[in-house]
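Each structure below is given as structure tokens.
In the two complexes that follow, chain A is the common piece, with chain B as its partner first and chain C second.
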Partner chain A sequence: MRYSLRDALRKYRWQFSGMVAWTIQRVTGLLLLAYLFLHVHTVSRLSQGPAAFDRAMATFHSAFFKLLEIGLLGVVVLHASNGIRITLVDLGIGVGRQRHLFWIVTVGAGLLVFLAGAIPLFLFAIGKAG
Partner chain B sequence: MECQVTLRVARHPAQDGKRFSEYRVSLEERMTVLDALFRAQREMDGSLGFRCSCRVGMCGSCAVNINRIPRLACTTLVRNLKSDVVTVEPLPHYQVVKDVAVSLAPFFEQWRRARPAFRPRNAGASTLALIGKDSRFRQLAPAKRDCITCGACYAACSITGMNPRYLGPAAINKAFLRLLDPRDAGGEDRLKILDRSLDGVWRCHTQFNCTAVCPRGIDLTDSIVRIKRALLRPGRLFPS
Partner chain C sequence: MMSRNALEWYFQRITGALLLVLLAAHFWVEHFMTAPLRRGDLTFAVIASRISNPAWQAIDIAFLIVALFHGLSGLRNIILDYGRLGKRAAGAMTAALISIGAVWAWWGIAAFRRL
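Moving on to the complex of A and B:
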């Protein structure tokens, strides 16, 4: 292969981190939109009575869905932390140092918030499975 | 031991059905991609077409896609690419004239739309205008005025690829320079063009691709962001 994954990573990791951030925002936005539809679909079961809603909710109590919740948290945090970066750029803050902004705000701060939420969720999921 | 690199050059029109021609070029110390193209053209294939002029990064005419990134062929050292294969392609978002030479017509069409020419505020003045050292123009202009119109930013911008009517980073930066200039009187006209929702500054998604590829190191996205913010503060546009 002429253009390897390593080449792509080398190109986008630092020089084009703004493009990476833009792509992250679009992809996470679409994932959140899909989640929103799923959420509305589940809540709409209420119209069929409490029993139907309880059955739908029981599906989400499994350990598998708890792990999926960790993924959802990751998507939300990434979208939010990158949103903060975009807001700062639009306010004219850190435009000249946008690469640092991406790695510190979007990736760094986002990872910290994600871990703060993901660890308890993971322990809960493990406990559920045990 | 002689060190060689493979130079893959895009061909337009295709040569014998192939979109790329490959040449093995001996690598020399401080050899640029333009040097490699010249060696391939003179020693291996006289039909190879590319553009160049100054060879020192001042004219911008040799801008091409080198290993998928818009760069100037004359200032890109082959050794710095850290690759055995150097792929040279025409800049995207332009019509190809021959091989890797493109027509910059779309770029200069947008450049003209941004009204780049200086319009004196006081055409009949007999004395030179004084610009204070703490004025916004003096502070910001030095970092913004080195554009060599190579078109690399236009090629790197994904918005120009989707919307050919979008002004593009270089034209907006030029308009920004004029807006900053307290001697210029064309501000209102330019702002109307820049403020257009479908092809003005609002199309920019702050991807920073233009800034990343600018061979002169101009922070083009910064100019766009500053214009966006100024448009939201009517009456407070670029105080001099």
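Moving on to the complex of A and C:
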């Protein structure tokens, strides 16, 4: 059987997105675990009373933290949409079309959900909505 | 009887699906639901009034435990994937992660004690 350059490229491309998807899940997972630590750290200030908690929360009103918040949404959505793709493949859905599933579910659906959250968050942050 | 690995795989998918629902709800409740939240005014008073409802307390505590399980189990998978740990070291690592998870969960749950 002839093994054309096209086949080689197709194989390479799938392995490429497979490897990227695998790395995405690990890196975003570790980031989210680190975030959960910081999040519980902030929430734990609730036990120090209203003044201490509201002072801690005031830090997050800066433009820098609003931007980080949108970034966090991106990391969450990427991990979730890629996780859905992994679960679908594990269930036998889309087997043989993994690369399509990567672009449609992980990238496509992920981007839509991210924008649906990020655009309102951005508009709230600059005071144009809410 | 499912093998241990299959069970772990299963739990990771179940907790993942749960987190999808809980996280979407969390995002809505903390960022979108009311006008002060949309301005980013998530104050002690706002949280205290929500947490005074025992159902919300239960949901938030369950949310934290599910997230910790999913996150620490994922971390364990990453560590095991490197394949450097022997059987005893892997067991010790699992025990350490379970202890970290228990302390972490208590750290979060204790935050509600003055609300």
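Note that the second predicted complex is superposed on the first by the 112 of 130 C-alpha atoms of A that agree within 3 Å, B and C clash if a C-alpha of one lies under 4 Å from a C-alpha of the other, contacts with A are read in each partner's own complex, and residues count from 1 in each chain.
Definition applied: a contact is a pair of C-beta atoms (placed from the backbone, for glycine too) under 8 Å apart; a residue touches a chain by one contact, two chains touch by 3 or more.
Note that this is a predicted model, so its numbers are computed, not measured.
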- [ ] Examine A:Pro120 and indicate which partner it touches, taking first as chain B and second as chain C; both and neither are also allowed.
- [x] second
Open item on the list: Going by the contact rule set out at the top, does A:Phe60 touch chain B (first), chain C (second), both, or neither?
Closed with: second
Task: Touched partner set for A:Asp90, first chain B, second chain C, both or neither - done: both
Task: Greater residue coverage of chain A in the superposed arrangement, chain B or chain C - done: C
TODO: Applying the touch criterion given at the start, work out whether A:Gly29 contacts chain B, chain C, both or neither, answering first, second, both or neither.
DONE: second
- [ ] Determine where on chain A the residues touched by chain B overlap those touched by chain C, and list them.
- [x] 90
- [ ] Name, in rising order, each residue of chain A that touches chain C in their complex.
- [x] 26, 29-30, 32-33, 36-37, 40, 43-50, 53-54, 57, 60-61, 66, 73, 76, 80, 83-84, 87, 90, 117, 120-121, 124-125, 127, 129-130
- [ ] Spell out the residues on chain A that touch chain B in their complex, using ranges where they run on.
- [x] 2-3, 7, 11, 15-19, 21-22, 86, 89-92, 95-96, 98
- [ ] Mind listing the chain C positions that touch chain A in their complex?
- [x] 9, 13, 16-17, 19-20, 23, 27, 31-32, 35, 38-40, 42-45, 47-48, 64, 67-68, 71-72, 74-75, 78, 104, 107-108, 110-115
- [ ] Give every residue of chain B touching chain A within the complex, in rising order.
- [x] 8, 67-69, 83, 85, 87, 158, 205-209, 211-212, 219, 221-222, 225-226, 228-229
